[in-house]
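Below is one structure. I have some questions about it.
Labels run A, B, C and D following the written order; every chain starts at residue 1.
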Amino acid sequence: MVKLRVKNVLIRECMAEFIGTFVLLMFGCSAAAQVKTSRETRGQFLSVNMAFSVGVMSAMYLTMGVTGAHLNPAVSLSFCVLRKVSWTRLLPYSLSQVLGAYVASGLVYLVYYEAIMEFSGGVLTVYGPNETASIFATYPTEYISLSRSFLDQVVGTAMLLLCILCLGEKRNTPAPPGLIPPIVGTIVLGIGMSMSANCGGAINPARDLGPRLFTLTAGWGVEVFTCYNYWFWVPLVAPMIGAIVGAMTYLVFIEWQLPDPNPHLDLSIPPTPTKDCKELQAATGNGVELKMAYF
Amino acid sequence: MVKLRVKNVLIRECMAEFIGTFVLLMFGCSAAAQVKTSRETRGQFLSVNMAFSVGVMSAMYLTMGVTGAHLNPAVSLSFCVLRKVSWTRLLPYSLSQVLGAYVASGLVYLVYYEAIMEFSGGVLTVYGPNETASIFATYPTEYISLSRSFLDQVVGTAMLLLCILCLGEKRNTPAPPGLIPPIVGTIVLGIGMSMSANCGGAINPARDLGPRLFTLTAGWGVEVFTCYNYWFWVPLVAPMIGAIVGAMTYLVFIEWQLPDPNPHLDLSIPPTPTKDCKELQAATGNGVELKMAYF
Amino acid sequence: MVKLRVKNVLIRECMAEFIGTFVLLMFGCSAAAQVKTSRETRGQFLSVNMAFSVGVMSAMYLTMGVTGAHLNPAVSLSFCVLRKVSWTRLLPYSLSQVLGAYVASGLVYLVYYEAIMEFSGGVLTVYGPNETASIFATYPTEYISLSRSFLDQVVGTAMLLLCILCLGEKRNTPAPPGLIPPIVGTIVLGIGMSMSANCGGAINPARDLGPRLFTLTAGWGVEVFTCYNYWFWVPLVAPMIGAIVGAMTYLVFIEWQLPDPNPHLDLSIPPTPTKDCKELQAATGNGVELKMAYF
Amino acid sequence: MVKLRVKNVLIRECMAEFIGTFVLLMFGCSAAAQVKTSRETRGQFLSVNMAFSVGVMSAMYLTMGVTGAHLNPAVSLSFCVLRKVSWTRLLPYSLSQVLGAYVASGLVYLVYYEAIMEFSGGVLTVYGPNETASIFATYPTEYISLSRSFLDQVVGTAMLLLCILCLGEKRNTPAPPGLIPPIVGTIVLGIGMSMSANCGGAINPARDLGPRLFTLTAGWGVEVFTCYNYWFWVPLVAPMIGAIVGAMTYLVFIEWQLPDPNPHLDLSIPPTPTKDCKELQAATGNGVELKMAYF
């Protein structure tokens, strides 16, 4: 099957980010559609949080060995700042993520078309009890101020980065590499249960922009961008800042305070890697060389 | 106990698929009975999703070392297409799965007989607020069109295959083999929470046909097949197509794009397997030779 | 601290079964008290299932290295039948389990005394909307027949044994030994979500008898035994039969059909255990010699 | 980055305890704010329990390699009594934990300021249907007596210690070191679901005092300390006693009854650690030398 492989490495990576973000949004937005259009008879707010969490887990298993499973421009930016990923990756990855989110939104709309029409009475709108725009993109609650929602997104994304950056650090207590996807999924579940009341908890510009663009083109109209005084830019900009704040907090409080790596324990450049050892690494499933940009 | 072993390998495998699908349906349909007949006082929609997820996990631990834990004709078909399983397995496995689902439905009916009679007022029906047919097989919501429900089942099953095929791929980030059952269970939970509002989320012809046949024979009558304009064929045919779509999507976006396997890391045919290494494989529980058709 | 060790091995084991069952019931009955006395404002039916599941996990981590974590006379009986545990253990273990459940019930009563009095209006009763007996022992729903509830407990316990006996089998796909407690906990959660509507899902004579004896002595009166026509014997006898049915089903469908163990992969009596290997076993946490009666 | 490391070891450890407790409270109190101010439309009681559980997991991954992840003065005290941690650590750790909880409370208040004002009508109070003080600190239910709530906190904290102390014991069935954070998180979830109805389930003086101090300074007034007849001291004192009770129960029933360690299996002081073995320890992620005060 080698012949079917795309030659360009960057395109291969972008394909992974595309399909990963697609999977993330398929789970998340479908769950939002299921809960809203069934008027909470086939799920509840918690099950939307849980579905996004399953989406993160599944998307990470799909893409972690290819790109490190960014799935989020804020995460990509953070890795660029931390010099774990080349800056040349930022734009292509981000566009692939937005595209994956857009396509997933379209498929969710196709699958739930009649349910959405039944629920909304055929009027696709951003406001009111029959609004369906929030199935796709995020919107603020009515009482919240602009600066508050901006802070909300900074804090939520900072929590994400603060909590995931430690998971692969060998000088700390690393999670088993093969179980990092469910652990990150659990952290995202935690953020959804605790920091999504103000404005939907996007903490991911691609997760928000892709679906918003889709609703623009699918009949909800320009209101998806103009509503709440052009609020749409908040989940695009604030998570980028939050990711850097979270990464810096992690560096200051944990990473820089960890002991020096013990060269005898460091396998990344083993002085004389014995074959037995290498094989065992593979056998135990922990030593497989991953493109662990995350960690 | 070797004397008690069934000599024919195929029959042994069919016994495993039978008991595995039996366990899957025992958890899932019992939970549906518990939630419906208690009028949601002893559980809720989410707990039915969770029970199916536990059923998947348990059935996989029981059968993974024997058949690779298909439990679903759509999965079997997909593995045949991917040449991981011989085409001669498809029909016997599928029949065993349907039979396991049928027998489980019968036992659920026996255990919940009085609860079902109490809830339904003794009238076993497919329609209305006291219907009990949906405890067993899946039925569409009233507003959904045939083509929409077909698409729904294609997409749901495609998501299943797309997300599980990567879990054992050593060139990616594989899940620990001994933890693949709960991870697949979690993916099935995610699909149940997000893609079951339209028509019950069967994504498995055996899970649907077995219980439907049981209700036909147990008093619900031919309506279980004729209702909604003979809708029953959708969860039989659409998942088969969806499984292939999902497998192809996985191949195109991920599998074919992965790097060549590193022979030094490949233990499946180790050039000179040292005894130490073999023992360690066993000790770490990761090197046990599995019939990993799934992966 | 060796001086403080109890000399008699059997007493040490009984202490473990006592404290393990105590922990199981502390989580489970406290959750039942929290949900009932708060009138579901501080939890719901699902959270009681989940608390029992956490109790199973915690009790197993505490006791698995000592006794194999039976925590249930039906499990002990099953292991005696399977010759994994000596028949001389059955009675002492069972009594320790009942005692642990009794003491836990007493402590739950002490902790929730005012909540129970507030909820019940001070009248400790088995019937009616203000009954509080079901916080402790299990009771059948009103419409269920004796034989149905007996079948319910046989099936529930058979599912438990069928699903857990495979978890440590090296010829199948074994779960990581250090993660068997949460997996068994998840299976118990599944049974609680799907097979507890008819009569509370005891599937464990000690979990039922200990609390029932406590309520007898604490003011609920003899009704806890006489109610529903002396129903109390069902969760004592039926699980014992169910455990054997489940174990037999497992043997017939899976265990006897597995391939012969490969002696080269068998580490239990390694011909020449190298020290390196032994150390690694310890290091990987998978080779620690466990008294794995469960598995 | 070595230049940016704080030279004083104790300060480095206090920084870790600070940020860990900050993360724990950020998840927990944010979830409490989300559920209360949305009037349970964006979550429920269970999701607050789950968010605290995610907080424990995340905080442990961040800090386990630095301090052993106490995050709780009662846990620190218990480790001092067990001589796993120097008594000189108790006060600095505890103060860092309280400070982390205080700062997190402040940030939760900032993020949910408008939501809290909307919910409370602008009146920050401890009593009544619009009270918001319980978003931060814990308060007893109205019917509970002082001694009952004291017992409640002793029992809850004792259960915590009883269940976590066994997780790293190599002579028992230890949990995989890299998965202890989610397991402890699950135990905390279990306590929240079963032992938080009486008085909020603090089981952690820092988790309670930090937020209470914050509400004192942020406008709720001295009532947060004076209410319920100066009840605030209960979650400060009772958990300290409960932790010791739990640790003693563990020692008596399990730890002292375990077999002597097998020196051949003991890697902590390996007689002649081969380099291969060391490397493998690192590769398997289980042998990394942790400051495992917890275990």
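As a convention for this text, a residue touches a chain if its C-beta (ideal position, glycine included) is under 8 Å from a C-beta of that chain, and two chains touch if they have at least 3 such contacts.
These are the chains along with the protein names UniProt gives them: A, B, C, D = Aquaporin-10.
Please read these numbers as outputs of a predicted model, since none were measured by experiment.
Chemist: I want to confirm something about subunit A (Aquaporin-10) and subunit D (Aquaporin-10). Since they are copies of the same sequence, is their interface symmetric in residue numbering (over half shared, so same) or not (under half, so different)?
Modeler: Under half of the interface numbering overlaps between copies: different.
Chemist: If I average the CA coordinates per chain, which chain comes out farthest from subunit A (Aquaporin-10)?
Modeler: In terms of C-alpha centroids, the chain at the greatest distance from subunit A (Aquaporin-10) is C.
Chemist: Taking the mean of the C-alpha atoms as each chain's centre, how many Å separate subunit A (Aquaporin-10) from subunit C (Aquaporin-10)?
Modeler: 39
Chemist: Based only on mean CA positions, could you tell me how far subunit A (Aquaporin-10) sits from subunit B (Aquaporin-10) in angstrom?
Modeler: Here the centre of subunit B (Aquaporin-10) sits 28 Å away from the centre of subunit A (Aquaporin-10).
Chemist: Send over the residues of subunit C (Aquaporin-10) in touch with two or more other chains.
Modeler: 44, 46, 176-177, 179, 276, 280-281, 284
Chemist: Which label fits the chain touch graph of this model best, line, ring, star, complete or other?
Modeler: ring
Chemist: Check the chains against each other and report every pair that touches.
Modeler: A-B, A-D, B-C, C-D
Chemist: Which residues of subunit A (Aquaporin-10) touch subunit D (Aquaporin-10) once you look at their complex with the stated criterion?
Modeler: 44-46, 49, 141, 143-145, 148, 151-152, 155, 159, 162-163, 166-167, 169-177, 179, 183, 186-187, 189-191, 193-198, 249-258, 260, 262, 264-267, 270, 274, 276-277, 280-281, 284, 286-287
Chemist: Across the complex, what residues on subunit D (Aquaporin-10) touch subunit A (Aquaporin-10)?
Modeler: Residues of subunit D (Aquaporin-10) touching subunit A (Aquaporin-10): 1-2, 4-6, 12, 15-16, 18-19, 23, 26-28, 30-31, 33-34, 37-38, 41-44, 46-48, 50-51, 54-55, 57-58, 60-66, 107, 110-115, 118, 176-182, 275-276, 278-285, 288-290.
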